[in-house]
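By written order: A, B, C and D. Residues from 1 in each chain.
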Amino acid sequence: MAITGVMRPGHVMLNVLDIDESVKHYCEHMGLIETDRDDQGRVYLKCWDEHDWFSVVLQKNDSPGMDHMAFKVDNQASLLRFEENLKKFGCNVERIAAGELNHCGERVRFDSPTGHTFELYTEKEVYGNGLPTTNPAPWPEGLQGMQAVRFDHCLLYGDDLDGTVKLFVEALEFDVAEQVVDGELQIAAFLSCSHKAHDIAFIRNEEKNKIHHASFLLNTWENVLRAADIISMKDIPLDIGPTRHGLTRGQTIYFFDPSGNRNEVFCEDSYRYPDSPVLTWTPDHLGQAIFYHSRELNDRFLNVVT
Amino acid sequence: MAITGVMRPGHVMLNVLDIDESVKHYCEHMGLIETDRDDQGRVYLKCWDEHDWFSVVLQKNDSPGMDHMAFKVDNQASLLRFEENLKKFGCNVERIAAGELNHCGERVRFDSPTGHTFELYTEKEVYGNGLPTTNPAPWPEGLQGMQAVRFDHCLLYGDDLDGTVKLFVEALEFDVAEQVVDGELQIAAFLSCSHKAHDIAFIRNEEKNKIHHASFLLNTWENVLRAADIISMKDIPLDIGPTRHGLTRGQTIYFFDPSGNRNEVFCEDSYRYPDSPVLTWTPDHLGQAIFYHSRELNDRFLNVVT
Amino acid sequence: MAITGVMRPGHVMLNVLDIDESVKHYCEHMGLIETDRDDQGRVYLKCWDEHDWFSVVLQKNDSPGMDHMAFKVDNQASLLRFEENLKKFGCNVERIAAGELNHCGERVRFDSPTGHTFELYTEKEVYGNGLPTTNPAPWPEGLQGMQAVRFDHCLLYGDDLDGTVKLFVEALEFDVAEQVVDGELQIAAFLSCSHKAHDIAFIRNEEKNKIHHASFLLNTWENVLRAADIISMKDIPLDIGPTRHGLTRGQTIYFFDPSGNRNEVFCEDSYRYPDSPVLTWTPDHLGQAIFYHSRELNDRFLNVVT
Amino acid sequence: MAITGVMRPGHVMLNVLDIDESVKHYCEHMGLIETDRDDQGRVYLKCWDEHDWFSVVLQKNDSPGMDHMAFKVDNQASLLRFEENLKKFGCNVERIAAGELNHCGERVRFDSPTGHTFELYTEKEVYGNGLPTTNPAPWPEGLQGMQAVRFDHCLLYGDDLDGTVKLFVEALEFDVAEQVVDGELQIAAFLSCSHKAHDIAFIRNEEKNKIHHASFLLNTWENVLRAADIISMKDIPLDIGPTRHGLTRGQTIYFFDPSGNRNEVFCEDSYRYPDSPVLTWTPDHLGQAIFYHSRELNDRFLNVVT
């Protein structure tokens, strides 16, 4: 099989201050679908064009941020190989029992040098994408708000960027697709296990274990406009956009959930293969790398993380 | 590495009746770029957002059709594994020396039960996508015509569909992404080695070794309209479109090159993973499977092949 | 005031075989909004971005077709001038009392040489476009289906094209914006009282008093695709499209309501002023004039009228 | 004729510091076409989908700004009526001889209470839109850069807003389409002589005779993205965008020409008729009125004028 090992970001668990407000934001405004709640009060959501039971879990907490991000792995052999790699790498690795999250199999939890918690798993129950597998329509009726297509990636902030990049490349077989480099120092790394310009990305930052944003795919630039309109109509705090990134070419808009977690919705405009060149951005083009149109950095965008 | 084995369709060699007319069609009208000619008079072309030296080779011939289609493989170990698989499968397998095609390494040639010639290779020189690898713009200036982004896939016709599907799945580790099934009989198979709904597709047909179309990616549905306009402005024979396929959700238009080979340009509107369900289309929805809007089969589309 | 005289197509009254099916088609599928029913069982509809109370009236009848099409005139002075012009022109002119159609003022009814019934009026009650007039959002929530923006124009078939064009130009002060001409004979005339390429159009035809289609505006080519998808998802009979017209440059799709009346939804791609040149299409380009991409006439499109 | 009186903005004459740099900006980057130069060194430009000989005149000057804006009037009778109205209104009115601007007939020049210079004229030679008037394609080949479609409107700043709005409404028969009102005070007025949300707009400002921007139409939101990309690729100073205005619903981006004059390119997303309601924006929604997505005023956008 030509896609092997880590297949994709499987879910992100976000800490939120108020479950009801958050569900309204992610479902009514962004278009995710609630698929379950558990006895801890956690809410399970998915985007419409995902088949697995959930891709976002909302968990009540006193402060916002990311609890963990999990990747779906193709099979048990890969999972065991990765677990071994992670242990050799020196991560704290533990197994979380199947069913700890509803509908999800056993997870291998590990920490990264940037202080984030990640998990790998091979099994999640299938919920479906709202379309039959025989003679499906191109899209289901009844979608709400921004009609987010899938949970796509996270951008995380942390101190030991070098260690975490090494971990993802060597232990988990990701590629560096794009990077920001200042002299010898890597400032940012966009890592891919797929044709996507990023399945996860990291920015070097003094503090450990921060999330910059969780990102969701939209189909078209016209849908980015529609998302922007909804942000204003629903009085959602905008961060920046619509605009394009130089990094990844993504057509994007950023905003905040009611707890202050930053969200992105974006339309892809590039693809990659393992033999694609690594694209490098330099400090003199950092503005363009991040906001291709304004070419101006923005304190809020750079420094507000949860 | 998470994309392994066969990475992608690497090139298609097309037989054309007149080289000059064909170069005009593929370059001025479709937006490919001529990158070389060889001493056999073959012309090498690439789409703008491909890095390798060529993805289309035009070869003068008395009749149109496909000479062969080649896939790029991630490394020598995979190539050897596939070569072994192909021999076990019973294919005629031979090695073509590096340099037989300019800029291309050694190729492993084999035939399929449907009578087509395929090749695998691991090395092709890099030409670049017209953008620097440091601080690249999102697109290069000076693109022509339809501005095709990449060679995407071929749809081929042949008799032993079962054998060829088995070959691609078992020997080359492709997945069946979508299919048309009439009772027990598979009529069409869309095969993927990637996130794409198809890297190659086959239709069951009495005659061996026919090509229905070679397909090229466009970025947006708006570019499909622009391609349609160019088809009329340049008096290119249209087959059908703009429309959408039910199969793959592609937003598409079909037309013919000056030799009668069918081309598609299309905008993707779906993605898949190895654990995505196989989508099946049945004879009562065949019209919708092929032309989602008209839901009517079209003799020319079904029966004209080269 | 710079827009004077006839302002716009105000409404079309369509004969339909079954009111419930028709309401479902025009509201659920096309996105019009029901605003009233009267004691004759007639149903009043409007598109979302129109302010007047209705732009479509559905009337039960044994056969499909157009009862009449009405234009809104800027003021009583213009109405009286037009009424005088129409009488001099030799039309049968009568006044229909205010309130005969709910929410609509007195109408001046007249017949055209092509056998159609038209009306002029100056007053219709305001329903609003679903947005406040203070600090409005760019679009209202809760729109259905194709989200048609406005009733835009009709294309009518009839015998005395010369007479009807003369009537609209001389008595009602329309311009010919575009035309199809075969030698000395005008085959089709697209008439405008605005910046639009057509507010009404006529095709020469043996039989009097036929309607080819009633047309509704969409905002974008992407919405034309969405409309096309809905046509298939809701099993609406497609006529042709998505495609572009050479005439008017419109990006279009045609289909039928449950009674067999043809509808168009389209995205504008041109504008005109009174001093814009008349655009002329000739028989050798008739295919391109009508379907710019296929350049092929289509019997159903040309000959099925109601 | 249903469009009467003032038909449209006919041209704007802009003061620029350097002709060559400006021509490069307006032609290579924005896509206008140079159609003439005169013995004063003034350069005449037009957008592709305009028929008259020019819609922009560049004039070398020591400081940037607008020399004058001119409107095309439908005929001599209207011109005489407007001239009479302007004199009664108390404007300084003079006639500029035909030929003072190449290809343009006699102009009636007047000043507004905000200190701007405007002109009216009825004759300008036809250059054409690059397409034949018989069997035209939907667009011409060879367009450059942003491919601006037409000169659309100007937004001007000046002190006596009340007087100038009164002038345009009473003497020139424009409508107020949208406005910003603070209590009794009108802050901004968007004036239309057409179906457009604005043919000219004014903001109340202490200083007379300032221009905020000259605006040019694009066909689609996708072309706004393309314009934004070009702004960065060509290192053009961006002001703000891509975004949407609440006022007019326009999808927009702002930037500066090499002399510091602000330009807008935008995609229309509304239409109006004389009986459309006036849309009013209030100070508590001023951010949304101007930048619908960010809802934040921007000093540079509000205060930099030329």
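By our rule, contacts are C-beta pairs under 8 Å (C-beta built on N, C-alpha and C of every residue); 3 or more make two chains touch, one makes a residue touch a chain.
Please read these numbers as outputs of a predicted model, since none were measured by experiment.
J.: Which chain pair shares more contacting C-beta pairs: A-B, or B-D?
T.: Spelling it out, more C-beta pairs touch across A-B than across the other pair.
J.: From chain B, which chain is the farthest off, judged by mean CA positions?
T.: D
J.: Matching over half of the contact pairs by residue number, can you pick out the copy of the A-D interface from A-C, B-C or C-D?
T.: Answer for A-D: the repeating interface is B-C.
J.: Measure off the straight-line distance from the CA centroid of chain A to the CA centroid of chain B, and report it in whole Å.
T.: Computed from C-alpha means, the inter-chain centre distance equals 31 Å.
J.: Distance from the CA centroid of chain B to that of chain D, rounded to the nearest Å?
T.: 48
J.: If a residue has to touch 2 or more other chains to count, which residues of chain D qualify?
T.: Expected reply: 137-138, 220-222, 229, 232, 244, 246, 288, 292.
J.: Chain contact topology under the given definition, line, ring, star, complete or other?
T.: Complete.
J.: Where on chain D does chain C make contact in their complex?
T.: Residue list for chain D touching chain C: 1-8, 49, 51, 72, 74, 126, 133-138, 150, 173-175, 192-196, 219-221, 244, 246, 249, 269-271, 273-282, 285, 288-289, 292.
J.: Please name which positions on chain B make contact with chain D in the complex.
T.: 137-139, 141, 220, 222, 229, 232-233
J.: Enumerate the contact residues on chain D facing chain A in the complex.
T.: 221-222, 225, 228-229, 231-232, 238, 241-244, 246, 251, 253, 288, 292-295
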